[in-house]
Structures are given as structure tokens and as C-alpha cells.
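Note that the chains are named A, B, C, D and E in the order they appear, and that numbering of residues resets to 1 at the start of each chain.
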Amino acid sequence: MAWIKRHLISFAAIAVLVYMLVPNVVVAAFSFNDPKGKYNYNFNEFSAAAWTNPCGAQGICESLGLSLQIGVIASLTATVLGTMIAFALGRYRFRGRSATNLLIFMPMATPEVVMGSSLLTLFLMLGVPSGRTAILIAHIMFCVSFVVVAVKARVATLDPKLEEAAADLGANPTQTFLRVTLPLAAPGIAAGALLAFSLSFDDYIITNFNASPSSITFPMYVWGASARGVPVQVYVIGTVMFVLTLVVVMTGQLISSRRNRQVA
Amino acid sequence: MSKQQGKGDLGLVALTKSFATFTAVHPLDLVVPQGSFFALLGPSGCGKTTTLRMIAGLEEPTSGRIRIGDSDITDTKAYQRNVNTVFQSYALFPHMSVLDNVMFGLRRRGDKDAKAKAKEVLELVQLEQVASKKPTQLSGGMQQRVALARALVNRPDVLLLDEPLGALDLKLRRQMQIELKRIQQEVGLTFIHVTHDQEEAMTMADSIAVMNAGRLEQLGDPATLYEQPRSTFVANFLGQSNLLRATVNPGGTDHVVTVRAHDTDLEVSREHLPEGVRDVWLGVRPEKLRLGEGGGPNQLRGIVRDVSFSGVATQYSVQMPWGQELIVVQQNDGTARAVLGETVTVSWAAQHGFALDASQDAEAGAELVDDHG
Amino acid sequence: MSKQQGKGDLGLVALTKSFATFTAVHPLDLVVPQGSFFALLGPSGCGKTTTLRMIAGLEEPTSGRIRIGDSDITDTKAYQRNVNTVFQSYALFPHMSVLDNVMFGLRRRGDKDAKAKAKEVLELVQLEQVASKKPTQLSGGMQQRVALARALVNRPDVLLLDEPLGALDLKLRRQMQIELKRIQQEVGLTFIHVTHDQEEAMTMADSIAVMNAGRLEQLGDPATLYEQPRSTFVANFLGQSNLLRATVNPGGTDHVVTVRAHDTDLEVSREHLPEGVRDVWLGVRPEKLRLGEGGGPNQLRGIVRDVSFSGVATQYSVQMPWGQELIVVQQNDGTARAVLGETVTVSWAAQHGFALDASQDAEAGAELVDDHG
Amino acid sequence: GSAGKNPTTGGASGTAAPAKTAAAAQDMSDTEKLVNWSNWTEYIDTSDDGKSRPSLDAFQKKTGIKVNYTEDYLDNDEFYAKVRPLLEGGKDTGRDVWCSTDWMVARLIRQGYVQKLDLANIPNAANLDDSLKNVEFDPGRLYSLPWQSGFAGIGYNLKATGGKKIESITQLLTDPALKGKVTLLTEMRDTVGLVMMEQGKKIDSFTDADFQAAIDMIQQAKDSGQILRFTGNEYTEGLAKGDIAACVAWTGDVVQLQFDDPKIQYALPQKGFTLWSDNFVIPALAKHKKNAEKLIDYYYDPAVMAQVAAFVNYIAPVKGTAAELVKLDPKLGKNPLIVPTPDVLARAQVFRGLSTAEETKYNKLFSALTTA
Amino acid sequence: MAEAAVLSTGSSAPPTRRRRNWVPYALLLPGLLWLVVFFVLPMVTLASQSLQEGNVDDGYTFTGNVGIYVDALKQYWPQFVRSFLYAGTATVLALLLGYPLAYFIAQKAGRYKNLVLVLVIAPFFTSFLIRTLAWRTILSDDWFVTTWAQKLHITDLLQAVGLTANDSLLSSKFAVIMGLTYNFLPFMILPLYTSLERLDPRLIEAAGDLYASPWQTFRKVTWPLSLPGVVAGTLLTFIPAAGDFINARLLGNTQTTMIGSVIDSQFLRVLDYPLAAALSFILLIVIVTMVSVYVRRAGTEELL
């Protein structure tokens, strides 16, 4: 009893974790379903058919490809732009600092519908066609702020003494940036990029406002499919993305921790 | 004031640094001979770090010049100067191995032998076996030695050390002091060592410059500075001093002058008396005082108020009839000790006293160094 | 080993703490008398903090009991014990003002006079004027005093201080030592003070327990511990010791025994010789050695290899014919000093030597304390 | 074949000749053997493994024209909202042909967003069912040809109604047994139309008051918690699962569901139900107009159309399809929802054309209901 | 990744650099330009659009019709209120659920810390639509969750407090709020985690040492010190939740329509752009106002 009391927080935490992962378990389970009829809502019969043929549903892999492509381009661009801003904010004192902070914060404080619709309004007025370019512009726009926050947190903890040490040891400003500042900020930049990618990859609301009939992203495909019955392949892809993330991040961590342990 | 400057000597000429609201370094003139172990000592905020940063090129002087040998380096950038710094916080690059840290400077200058040289220096600081570790995996003392190696390996004209031992604990600190001194003697570079710790400065340095509030107070070798301080600030800051208010009696011999302090006549060497002053602080170091009458011509009686044993020595606090407490330090060499409450005679030799102009504050340099929170 | 225990004394009975892979504290028996200033001394990792944490209730003992007076508090929770801790890192609540920090404990127990009491204690530590500031706005020394006040105000049965001065610089540290001692004498609480700094322990404490690798090595008042260490570990850890390998000669008087070290007969008090051992380390403290022949019956000749001036005293390293270097500390009391390279006689009195069982490592307690990076 | 009431006597105004003419682009049909077709989801025959579309493949094989078939037409309004900026801005939509519902065709024609069909390229257009030949919104079928037609009626799941039959709109909107398990369509004409007919009105000639009365009835049902949602096609999943007990539904959807689950039932209300068509149109600036016309022509072959009808289970607008369908599957050929009998058809009504002002007004009323 | 999605509330000013003053501006220029053109400008367009009148067929013209805001509020205030209510409830729930988990990861998980963190983040990469659809399956009538809830009379309870309309769980207020909580929980956990991670465990020990019971320790030390994380987390949860409509669409019914859904429909189906723009603008203004009041009251003014 005392043991239970002492570990109350751990139990609560695990319960919450379970709550967070239940849908993923269901998704994984249903990816092995051979649904009766076109709706995949009752577990009918085990089948790995969808796994052997993940592109089997019309257009699913095209949309996934598009989403991945947009995600990569948008997160890379946003990471570059955001990192630059984060360095400016974290490293320099200049006029218009607080205005900049506000401008960075606003996209995060703006509901997605508002952002999506306002961008659509602008594009309507400017005659920018909906589609891939419009989606990219929008995604970069809302990702930048998150990158700034992630990178800035890291830059703020960077010891300016390290840069001084580099200069003291004969590194000119460019070398100092490339050899010291950038590698040290890298974890923050990577976190920002990853976050940007996940936000872009997962966005439906803003994308839907700016998509054209020929630019169906994966979330839009899922949305469309949900009206007529979600193909099992969607569950397969959802599961793959989940497991892939787990594997990639965990091996990354394993490698870095092993590297640390080896030299220890 | 700038003196003759040798080939590789470091020279500061009227070097000044003012921040927006505050002048951290008032015009400073100093020559540090090549190959010497030079200590910069002073209370917190006196401008030691600022001076060092100007030498390193990390801070731009408001005015004045910096020279190494014949060349004026005032306007060169940090990365162009052949000067290296060991930072108090070490500032090791956490993402590089120890070896990469040490090679960093050589690599920047395109040295082909970087690796060999770095390994050699790591051997010098006895860290060859941790070359491939990351700095965070090392203990404080090891990190300190990496920082030292990283600077040393570049064979700078001047090596600046900003409280390199400040973060180490006492025992380790004493060991590193010995190490540092050994290395300096081995490599023969000019070291400028900044420290808070007077004992450290005195044990290690060839010469010490005491700074106070952005100004140079006194410059000299450790023994001279300690035994013939020229101000109450130096007297108090460099070890402890007993200062008695006194008036110089006219006359005296060539060697000895008598002064009157609290109705007692006391002797002091004439050479330790500044010219032309009448009101003085008569100073004696605690270890120069003897409990008992055998110590010299100067004798005072008082009551022991505190006894504090610290192993090597015991410190007594002896209260004089006029209330002042004199501090007496006696080596625990087996001679009889005084006990609390006992009335004792305190005595000292005339040549162990020094006199300072009484217009100075007797407490200068002795206050709580507590303003750098 | 547990002795008679007084009314408010703290008693540890066979207290043990094992972690998964490691026993940090081996069965430990200790009585700390009420109102005493007790120091726990030992190298890094020897279990000092673990012991304190068990007393505070922050760590559960693996076995053994903890008593205050008659009551057994082993099974009570930290917040139910009338024991307070001053943490090394201070652990001040950053979101509360100094006053709120100090009132915290009183408030938790619903004390109506919390504010008045807190202000009183702040006065005691001379911080009444910063009561409304946040801890981060204070200097290290001030934070230290807030942490002390926050614990003191609760008038705990036992106050635990875990290296409270470790983060302060030397000068400040000495000042805080005096302050701490003054406060302890004023309030009369039991203080258990953990420190790395042997001098600190000796100056401040009524009794010292030296721990080594989770075990109690020796317990006693500072002078006894320093002058009659019972192991090489204590001899080396508490100050420096010169240890000479020697063999006890048969015979000798009631008071004095001769031992043969490196072909020289040396005297040592019989009371300082452990019973029934023949091979010994003959130890002498550096300050007990005299340069010159006047010091006692024991004389050795050697060459001065190093001279290190540190203000109050000068330390000499004198090399013996068999290679060993003896450390000699001489107070700078004005007597003649030896110079580098000079051949000198080193002498000491028989009663200043102590002999230790030679089966021990002569270097125990003297190694680089460098494993806690 | 099918026949329906053909509302030639249109609404008050606004259905006059189109004000604008759609711009034509240079036709690339001969150089690019390609046609881009946007259609509703699952609105064409698909092979059993879901990987290919037999009728499309056959077309490609026969003509060498590749069809980019996209199922991105989820909803008339939504699709319109997406292509309108392009059409308005005089840009190519990237589509050569798509299938819009009657009223949407009316709007597209009115705004000059669709091009006239070149019947020379569509000889099979003659197969168009007579009843659909002359519609109010496109007299003479100059701009559009029907793809599929269907009814909107009541679909329900016996499992969820507890075996109860749901046969009238009133029951749908008031039966407490269905509380919170009823969905209506976001398609205004179907939902409001059914309710107006339930209230005894004719949807080819109603007044503002009639419309308002229908809205009120729906509002009441919504406020009482009877209505779960207003949906597009997505009601089918809920209906199949039983989360939706009964709903306004399109015939083809329900017929498809019935294959998997006989508990799914369909009712055409006695008081009337709506008939609609989705029609091929060719947007302005379509690059492959001729290819699109060839495609339409291909599907106007009764044998091909029967292949589609057998899969999508809607009413085919092509004469002779019924006969072909019987050959493919006799049971389908007799299903009154696919091949309606005359007395069923007699009960079906078509929503009258609306003027711009009316459309704006009614849309506002209806959207206040569905979006809030 | 752990550091991501975190509004750090520390506000240490960077060191001054006087030389090369143009550098920060050069760094800022591209990113800020992007934000100005594709964020600020659209907002201006949106504002101007809201003041136009007309219809799709005939086009819209600017008339400065401020009345639209009154109309919009009059017609859709229940959806506004509902959105903020749901988002608020979901935020509180997310805080209640997220806090123990964040605390666990930061202070107790030991070597499983990274694993748990990744488990919190990984669902991000499974499209949230898929996961929300999965909830539809989980909560559907014929699944055991609903059956058990019925057996345990949880459904009755929910119905009694008005969170559901009948004995199903799906398509109800309950489902919508649950979905919102679920979907935005990681945005709560990550900032909480960062601030709890920074919490010095010695402070908790110090509180215990000073007679604070575990609950008092939480209230007086842990909670106030994690406030920056709480503020950041609640904002990152509340803001998107208030504008969300996916959960309401997929898990709700006609009684749970949120304002995001209205805006979406007005823009994409009804094509009443002025009304839609006005609604968007009202939503933005209300949120920004609420956020700034909240941030000021929470005392963490410099949010970034």
C-alpha cells in the first residue's frame, strides 16, 4: 500500500501515456485487418495484405510523397529562416527586438483557421493559384516561429565564453561560427527542424485552405478517405511513420550514448 | 612611467577601459618581462579580468597601447594575437574531444604537426590517456589541465590565466598550483596569472601587481610586497596585519625610530618609515608577534580572547587595554601555548614593524569581499 | 560502540546505507553531544553527504537506527523531523523573497510569530536590509547566510551543514567560518558540519570525525587528531606529514623508544608508539621540524630543493640522502631562512614524532582528490 | 432508362442565357493524348482488388488517351470554392472535365465557367435519356451531359433502430428512438427538398414561406438533439457501423452498403423525394477538350454505362443501359433504385432553379443551420 | 526534440555587441520578410475583406460595413462561447493529465526518460487525423469501451451532466473535449517537461527538510517553479484547441460545432467571405486579448 502511494505519480504518468498511445495501438492493429465491406472499423480477419501492398489504395502514396516532399522543403526552409532569427534574437541587442518577438509569437497565437483563411484571402487577391507553392509558403510561415523558439532556447544556453575562446585560439569569425557556434546550436536546430517537419506533415487545416485539386497531401487524403471509408493502407502508413520515428530517434540516442560510453 | 622594454616583454602603456557608466581600468602602465610568472592580485571588481581581456583582444581599450616586444598589438583582433587565455570556467568546447580541443588553435593556423604537438602537451599535463574523451566526462581538475594544454600548445607570447584554479577545491587547488608552476618553469612562457587568493599569488609568482579599484597599488616580488607594504590596502589585502595608531617621536638613531602608540613607546626601523609623516599606522604581521617577552624591544600586554587551532599554527586574539585585538599566529612547534583569558605579553623586533601614512583607512583591503553576487 | 546518550544528543547506531551496487556507509556508530560543533571530514565520496541525508530523512538507511535523545526518528519522514539542513548549493527557493525563504519552515508548522522570528534571525546573519530581495539578486556569501538563517530559524535539534562554504572564495570563506562559529556559540544548537577543508574543520569544530570509504577512521578533538593520528590516512589527510620508514629498536626508557630509520637512530615518545609493532612509519608534522640543530635529539641532514614563500610561513623541501624529500614549514618570524641548494640539518623533539603501523600505505589520504569530476 | 419530371417552367428569373462565355484554350488533344477528369469518390467501376478501373482502362486501350482520374470532388460547394478563383482569374484549372450536380451546373453556366460541348465529337449523346434532354438550367444540353442520376431518400440500419422501419421524414426528425442518431445532408436541395415534400409542398414550385417552414422543422429537430450531423458522403460509414441509425441518403450509397449488410434498408418517402443528376462539364481553358468529349462519348455507350452502373448502383442516364445491366446481373437490373419503375419515378421531384438572390438567401438560411 | 515546442520564459538579455550593428538585421530580414508578407499582410487583407459586401457571383466591393461584426457575433456567439469553453476544459484536462507525466519524465523516469519522451512525440508523426479516426473506432457503440461504460453506468453519468445525449460515447461533447485533450496533450507535456526538468530536486528536498508535507511541497515549490511551463503549455494547448474544428467534426454532433468549423464552412462552402473574415478576425482578437491578459496575470511577460 505504501509502495503504491509512493509511486502514485508513476502510475498516473503511465496511465496518461497509455491514453496517449491507445489510438496508435488501434491503428497498428487495424492495419492488419481484412475489413468486411469497405469500412475498417471492426476487426474482421487478420491479413497482412495492406502491408504487402501499402500503395494499394488509389492515390495514397502520391499524397504521402507530396506530404513528405512538402514537409522536407518547408522544414528545411523554415529551419534556415528561423535559425537566423533565433541567432539574431539570442545573440544581439538591437532596436525592434520586442516587435520582432511579437511578430514571432503571433503566428503561434493565431488559430490555424485564421491563418489558413487569411492566406487564402491574400492569394485570392494576388491571384496566386492554390496548390503546392501556396501550401509550401503557408507551411514555412507557420513553422518559422516554432523553429525560432526551439533554436533560441538552445542559443540562450550557449556560453559566449566558448566563442571568445575560439577567437582567442586564432579562429576568425567564420571559423568560430562554423566550428563552434553552429555545432553547439545543432541540437536545438535539429529539434526545431524535426518539430517543423512534424507540424508540416500533419497539417490539415491550413493546407486545406490553400490546396488545389492536384495537390492532395496525406492528411487531406485521409480526410477525403474518411468520407468514403478509410483504406487499410492508411493505417499501415500511420503505423510505419510511428515506428519509424521511434526507431530513428531511439537509435540516434543509442548511438550518441554509446559513443559517449565508449570513450568513458 | 613606461620602462625599458625587452624583446618579448609585454608592455601596457596608459591602458584604460571605461564602460558606459564606469571606468574599470584607470590608466595602467606595466611591463611584464618575458618568461616571468606574473600575478595580478586584487579584490573582486578591481579590473583584473578587464585588463586580461584587453591583452587578449576580447575587449577594446578605451585608450592606451599594448605592446609585445617591439610590435604594437593594440589594434589587432583577438584571433590575430599570439596571446592565449585559460578561462576561469575553462570554456572547453563540449562537442569536441580533449584532443580536438587541444588541437583547435594549431589547426586554425594550419599547423601540420597539430596532432603530435597536442599529444605532447597532453603528456605534459598528464592527460594523454583521456585524449579521446569529451570534456564533460572529466573532473574539474582534469578540465583545468585541458584548458591549460589547449592554450600552452600554441606557445603564445603571453599566456593569460584568469583564476584558473578558482573552481577547484582546496586540496586540488594546492596540487594544481605546484603543477602550474612546474609547467611554467618547463616551457618558459610568460604567464600572467589572475587570482583572488593571496597565498596562491605569493607561492607561485615571480612578481605580483596588486590592483585596487582599477589602479595599480603596488608592484614587486612577493616577499617585499608582504613585508614592506606601501599602503594599508596592501598590508591588509596581502595577509593579515595588526595596525596600531602611532605618532613618530622626534629623534631616533640612524636605524631605529621610536613612535608612541597608546602611551607606549615602540621601535621601528627607520627604513620602514615613510619620509615626512608624523601620524602613522604601525603595522606588524601576526606571525612576527611573539607571545612572551623574548621577541624584541617592543612589548605590549593583553588578554587572550580567542584561540583558534588550525594544525600547523594557532591563532590568538589578544585584547589590548584600549580595546583593540591583536592577532598573533604561532607555529605549533611544541612551545607552550597561551590559554583563553590569560594575560600575556606580546613582543616583536623593531625591524619587523612597518609604518604607513595614517591618512589611510586602517580597514582598506580587509572588508568583506562580498559585492560580486 | 554506542555510548551513553545525553538528553538531546544525536545518536547513530550501526547506521548503514547500501546503494544498488555500492555500500556508501558501513555500519556507523556515533554520538554527537547536544550543543556541540561537530565536523565530519573525509575525502570525496567517503559517505559524508549520505550520512547527513540519512540524518535529515532524505535518504532511507539500509539498516541501523537514528536517535535524538530518547526518541528514535529512523522511520519518520524528512518533514516530520526537527532536523534542518544547509545545503551546499543552498537550495534557496528562487521564487520567494529572502524573508519568505526564511519563514518557510515556520509557516509550514503554523507558527504565528513567523515574521518576527525570521526578521530576528536575518538580523543575526546581518541580512535584515535585503529581506525583500530575491535570492538570485544576492552574492554567494549572502545566499549562504540566507540558507543558514532559513535553517536556524526553526531551532532544530540538529543543524546539518553540507559543505556550506564550499562555493565561496577563500577570503569570504574565512570570514564566514568566523561568522558561523559565532552564530553557533550564540544559539547553542548542535551543528554537524561536513567539509573537505581540514583547516576549516580544525578551526571550527569541537570534535572531528574523519571518515574514509564509508567508515569512521578516527574521532576526537582537533588537536588530538592532528598531533596523534592513529593511521597514515588521518596523518596525511589532516594536514601534511613526513613519514619515515623505521624499525623499533628493542629497549628504550619508559618515556622514549629509539627507532632505526635509514641507518639513523631516532627517538620517539613511547606513548606515541602503537603496541606490539616493530615496523613503523615514523611521522613528524612539517611545522614540528626545525632547520638547524636546536630543535631536539632527532637530527637529519639534507639539501634544500625548494623554497616556497607564502607570507606567514615558508615551506622548504629538504632532500634526504636516500632520496625522500621532507617538508619543513617555518613561520616567517624573522629568523634566518635557508636558501635553495644549501645543506641543512633538520631536527625535532622526540615528543613531536608519532609512529604508525607500517602495514599501512604511506600515501593513504594524500592522493590527488580528483575523482569527482 | 429513367424518366423524371422535367421542370421546364423554371424559377422566377436568372435562368436566362448565360451572361458570360467561357474562354477556350488552344486544344492540345491531338498532341497530348491525355484527359484530366475530376470526379466524386467511388463513382466509377473498380476492379475487385481496388487497383484498376476496368472501363477507364478499356477506354485508354481503345483510344490511346490516358485518363488522369482524380477523386477530388467531395462536395459541390467545396469544389466550386477551390476552382472558382482560377476560373475567375482566367487560369487553367488543370481539369478537362468534371461532374457537377444540376444546380452547380446552372451556376457554372451562368458565370461562364464552362464551355459548350462539341456534339460532333459525342455521337453517342443521342443515347441520352429523353427525360434529361431538355433541362431548365441547360436548355438543349449545350453545356452538360449527365453522368449519373439518383434519388435522395431515407437510409437506415435495422441493427441501430432496433428493427424499426423508418419510412417518413417526420419519423426521421421526431422519433425519440433515433435521438442523436440521425444525419441529414449538407446538400440543401436534398435535405430541404425532402422536408418540404413531407410538408406537402412541391419542390418545383415553392415559396419563401414554404422554404422557411422546412428550415424551421429541421431547426426544431436539431435543437431537440435529434440530429447528429449534417454530412456529405461520409454518412455511409456511420450508417454501416450503426452509429447512425437513419439518415437522408443517396440511393447508390445505400445499395452498395446493402451488399455487405442486409440490415441496411432504404425508404423512398411516400410524399416524394428528390431526383438529381451529376453532369459532365468542360471548364473554361481546358487543354484537352476534344479528348474529354471522346471520353463522354465512350461512356454514353450503353454497354460501358452498364458496367459503371453495375458498380456504382446509381441511375444511368443512357438509353439501353437497363437492358445491358440485366445481362451483367439480372438482380441489379431489377432493382428499382437502379432501374426505377414508373410509379417510383412519379413520386420523384426535381428542385426548381433558383435566382442568384434566392440562392444566396436560401443558402444563408440553410448554412446557418448546418454550420452552427 | 525535447527542447522543441517550448516557449522558454527566461528573459536573460544577450550580451551587448556594439560592433557590426547590421548583422542582426541581416539575420532577421529574410525570415521576418516572410512573416510580414505571408502573415501580416494576409491579416490586413482579411481585415479589409471583412469590410466588403457582395456575393460570389457578382464579386465583393469594399463598403466599410462594420455591422458585419455585430451580425457575426449575434449569429455565432454560441459557437464562440462553446469553442472557448471546450478549449478551456481541454486545456485544464491536459494540464491535469500532462503534469504527472511531465513530472515523471523529468524527475523519475531515469534511464527510460528518452524512451518515454519519444513515445510522447512519436504520435505526432502518425497523422492526427488517423489518430482521431481511431478514436472514432474506439468510442463507437459496438466497441467494448462503450459497452463497459454502459455497464458501469458511466454513460448514464455523462448523460446526466449533459456531456452526452444518449448512451453512446461518440458524437458528443464528451468525445469532442476528450479528442481535443488528446490531440493537444503533447503540446502541454513538452513545455511542462522542460520547466520541470530544470527544477532542482534539491529544492524539493529542502522543502521536505523544512517541514513541508508532499502536498505543501508541491503547492509552494514545485508548482510555482513550473509556472513558466504551465503558462507555455496552456497557451500552446488552448490556442490551437480554440480554433480547431477537426475534433468537433469527427467526434461531435450538431450541438458541438465550434467556431473553427463555422469559419471553415463560410470560407469553403458558403463562400460568404466577409462573414468568414469577420469571424476569423473576432476569433483572433479574442484569443490575443485573452492570451495577453493571461500572460500578464501569470507574470511571465516576455514570453519568448
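Here, a residue touches a chain if its C-beta (ideal position, glycine included) is under 8 Å from a C-beta of that chain, and two chains touch if they have at least 3 such contacts.
All of these numbers come straight from a predicted model, not from anything done at the bench.
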item: Farthest chain relative to subunit C (centres taken as mean CA coordinates); value: D
item: Top chain pair, ranked by number of contacting C-beta pairs; value: A-E
item: Averaged-CA centre spacing for the pair subunit D and subunit C, given as whole angstrom; value: 92
item: Rounded Å distance, subunit B centre to subunit E centre (Cα mean); value: 59
item: Separation of subunit B from subunit C, taking each centre as the mean of its C-alpha atoms, in whole Å; value: 27
item: Distance between chain centroids, defined by C-alpha means - subunit A, subunit E (Å); value: 16
item: Residues of subunit D touching at least two other chains; value: 82, 241
item: In subunit E, residues with contacts to at least two other chains; value: 140, 142, 267-268
item: Per-residue multi-chain contacts in subunit B, two or more chains; value: 137
item: Pairs of chains found to touch, sorted by chain label; value: A-B, A-D, A-E, B-C, C-E, D-E
item: Subunit B-facing residues of subunit A, complex; value: 159, 161-162, 164-173, 175-176, 179-180, 183-184, 186, 260, 263-264
item: Touching residues (chain side subunit B, partner subunit C) in the complex; value: 137-143, 166, 169-172, 175, 196-199, 202-203, 222-223, 226, 238-239, 285-288, 290, 308-313, 329-334, 349, 351-352, 368-373
item: Subunit A-touching residues of subunit D, taken from the complex the two chains share; value: 38, 41-42, 49-51, 70-72, 74, 79, 82-83, 85-86, 89, 91, 93-95, 232-234, 236-237, 240-241, 257, 259-261
item: Touching residues (chain side subunit C, partner subunit E) in the complex; value: 56-58, 77-80, 83-85, 87, 89, 91-95, 104-105, 108-109, 150-151, 154
item: Complex interface listing, subunit E residues touching subunit A; value: 1-8, 10, 12-17, 21, 23-25, 27-28, 30-32, 34-36, 38-43, 45-46, 49, 97-98, 100-101, 103-105, 108, 114-116, 118-138, 140, 142, 182, 185-186, 194, 235-236, 239-240, 242-246, 250, 260, 263-264, 267-268, 273, 276-277, 280-281, 283-284, 287-288, 291, 302-304
